[in-house]
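Pasting a structure here, questions to come.
So that you can tell them apart, the chains are marked A, B, C and D in the order they are listed, and the count of residues begins at 1 in each.
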Amino acid sequence: MRRSRAAVVATALLAGGASLASQSPATPTRQALLDDLVVANRILANEGVVDGYGHVSVRNPADPNRYFLARAGAPALVTAADIVEYDLDSQATGGSATGYTERFIHGEIYRARPDVTAVVHCHCLDVIPFAAAKVPLRPMYHMGYFIGEGVPVFDIRDSAGITDMLVSTPVLGQALARTLGSHSAALMRGHGAVVVADSLHVVVAKAYYLNVNARLQSEAIQLRGSGVTYLNPDEAKKAVQTYERSWEFWKSRLPR
Amino acid sequence: MRRSRAAVVATALLAGGASLASQSPATPTRQALLDDLVVANRILANEGVVDGYGHVSVRNPADPNRYFLARAGAPALVTAADIVEYDLDSQATGGSATGYTERFIHGEIYRARPDVTAVVHCHCLDVIPFAAAKVPLRPMYHMGYFIGEGVPVFDIRDSAGITDMLVSTPVLGQALARTLGSHSAALMRGHGAVVVADSLHVVVAKAYYLNVNARLQSEAIQLRGSGVTYLNPDEAKKAVQTYERSWEFWKSRLPR
Amino acid sequence: MRRSRAAVVATALLAGGASLASQSPATPTRQALLDDLVVANRILANEGVVDGYGHVSVRNPADPNRYFLARAGAPALVTAADIVEYDLDSQATGGSATGYTERFIHGEIYRARPDVTAVVHCHCLDVIPFAAAKVPLRPMYHMGYFIGEGVPVFDIRDSAGITDMLVSTPVLGQALARTLGSHSAALMRGHGAVVVADSLHVVVAKAYYLNVNARLQSEAIQLRGSGVTYLNPDEAKKAVQTYERSWEFWKSRLPR
Amino acid sequence: MRRSRAAVVATALLAGGASLASQSPATPTRQALLDDLVVANRILANEGVVDGYGHVSVRNPADPNRYFLARAGAPALVTAADIVEYDLDSQATGGSATGYTERFIHGEIYRARPDVTAVVHCHCLDVIPFAAAKVPLRPMYHMGYFIGEGVPVFDIRDSAGITDMLVSTPVLGQALARTLGSHSAALMRGHGAVVVADSLHVVVAKAYYLNVNARLQSEAIQLRGSGVTYLNPDEAKKAVQTYERSWEFWKSRLPR
């Protein structure tokens, strides 16, 4: 039952795959993209970036005003039949599956950032202490190069006062998108983070390495040496990663 | 042998299931509830909230003066045949299985807190340092919202002087229940914690996130920034979670 | 080849099992004891108390001047055929398997401590920083009650000057046994620890909880509250554990 | 496709195995060496020393001016068919597989260090904070004895100014080899480490224990006792390890 309602949507997408395939050799078919989105969900869960909560979406390459996101459910359990297409107002374009309360994070970032193709929202445990302690994340190594852009902190209280902490409306999604600005990631105080990239493979890796970098930075601070040397801003700009090897590695580690 | 004596009790409960099922659509049958209690035991072990020690119970929905708890044994190995029914004096209502020495934790909390449906006692490792260091737990993120109520610390020495640290009598159970008061959780100095909720699914999640929140708070303190921002008390009140996605996720991760 | 030479010894032990079994209902047969020793090796490896190095032994219940210990090899790979019988000079009583360089730890402790039935030597990672930083281990919770006796630190340099750090002679084993005195455990500076108990089940659990307690103490210190409250010495004396539930739990977690 | 191109090279090596086998009983055949190199890749991934990135190589025992290294790919997925032979300029001696960008680390170290038979490059997480915080690694226990030689830190900025942090040219490889000098390991600021040894088994263990030692040292520092006692330099020289038991243990833990 949990997996059946959205199946209609997924089948419809699959039917549209043929025309997509003829667009460009670099554009994946819809089905390949949905399959990758399922893998992205499962990698994030298997590598501990998300637990029962958190979500990942990808923009529809055939229509930049649409994006794909699972209906509400634990990322580890997402299947292709659970994927729903949304418009930028985060309204499902068909079917009636229950969506994530915070799907507006995705819609409003896709609206504000035409360069963004994929979005992760996670309760990434290693970054939450940084937002709480007001210690800015800094790039510890080349795998976390994008942290060199800076990682702004979104405090929902500044936008909406006392809330349940959830980005559950378009207005809150817009406020988060404004804080994110042109960065790769923003922390959410008392909540987690949002990470964006120009592909599913890269957004998964950025979410993963955002966490790893936070752990390294915390360790470096606690060693209490004579200050911590971070990547120089220009080093960070040059150390761009495709992370393609990570994707293959993480995919090979999925159960079954 | 280990699994056979309580089987009589479980079978008797099962026989009573038919009448229970007719009470209300929202009330699970006894068998479904016992199955859920087994799953709760196994999730707590599989997610590292308990090890060979610790226990979880649920109130009998058909009789608020009774509760279900496994007989003495490691939570990871509990089966439906191990479940025993106790009265609020923590005396088994039938059979002769060896009970947990500390079952009085459960009985006395059910007596003092009519709103409580499920109880976890754990040696949750991440909270023990907080009780020892007298650092109050504070809510680090919305998943630990209930910590905003405050988490009192029970010191058995205040009630009973020098002991073996175990809550092994009704009187000690009552003292612990008094310290718990109306809160969701209390730490036990030099021992662990007790967590309560209005359902098995929620009590498992609260025990899990009590630990996670402790880890995050410890990290935040060690970052030594300009103070730590916790959830505002009103935010914590609003950020109530059902954690239902966690239960599905954790259940899917159980061995076999 | 690795597993064949000691098989002769194991078979001889098995042949002697019949008379042992008639001694007392509480005394396990030799074969049951050797099987338990194999399980102890595997639990220690599976729970991370030892890695490729470390060893566990048990005194021969039929002859207090003999003990059983695997020949040199990784604990995770030990089988019954690898078990060798040693005298208290740590000479094999038969066969010609290569023994652990540090088997003298076991022989000299059995000689000095008639009350000891089982010995673990481990490079237990969580205790090594305590010996190095000269911070005494203290009992953080009832599962680590035996730490209340105090955990002395053996510095091999005090006995033998500059060495390869290994307790590889009877004289060094005697020095370590003197430092251990009547305690349950001693740390070995720059090396690891030794843990003793009156049974295999208890020695495995004490080695495990020695580590857990160290981790909790480290965390408590790092929280920098108003001092750390440890178990009161009299509480520690009363909080004796059999840990029997741990054994069943850990055994159930072994691969295959 | 990913695994097919280098197969030609591997087959050629295999064909040459017969003559190699007749050299000396101590020299493994080429095929045995390549198989060991595959195992080394997989152990490093399985034990968390490398993730999707990092690499391990071994010198060709039949020609000291050649070494074997997988073509570009995640270590966990390397098979014998992925192994490529390189000369000391890090040019493949046959075939056309895409090599690791940083293979010059290996070639230049083999050129500068005739005593070195195997090289690991890793983003070993536990050592990165030490290079960043400028806290020198020190030997915490006998398993990390080689740290007593000192672990120099390579800062690519000193050699080449602002870069993408990668050792992607012969000149950079030479600079790293100069920093390494005669040591067993060097840290790479903002990047990871390089570890060398006279065999594959030992280089894997040194990379592993370099990390473990870093973790122990970090813990010891954070305990804030009265200073940390490290291995005495002469103790460190004496405590040489073959780590052979580690190899057997880690190999037994590989998936499947």
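FYI, a residue touches a chain if its C-beta (ideal position, glycine included) is under 8 Å from a C-beta of that chain, and two chains touch if they have at least 3 such contacts.
Note that this is a predicted model, so its numbers are computed, not measured.
Copies chain A and chain B of the same chain sequence form an interface built mainly from non-equivalent positions, shared numbers / all numbers used being under half.
Centre to centre, using the average C-alpha position, chain A and chain D are separated by 33 Å. Taking each chain's centre as the mean of its C-alpha atoms, chain B lies 47 Å from chain D.
Residues of chain C in contact with at least two other chains: 221-222. Touching pairs of chains, sorted by label, consist of A-B, A-D, B-C, C-D. If you check the complex, the residues on chain C that touch chain B are 139-143, 212, 215-217, 219-232, 234-235, 238-240, 243, 245-250, 252-253. Those residues of chain C that touch chain D in the complex are listed here as 45, 51-53, 72-74, 76-77, 123, 125-126, 128-135, 157, 162-166, 189-192, 218, 221-222.
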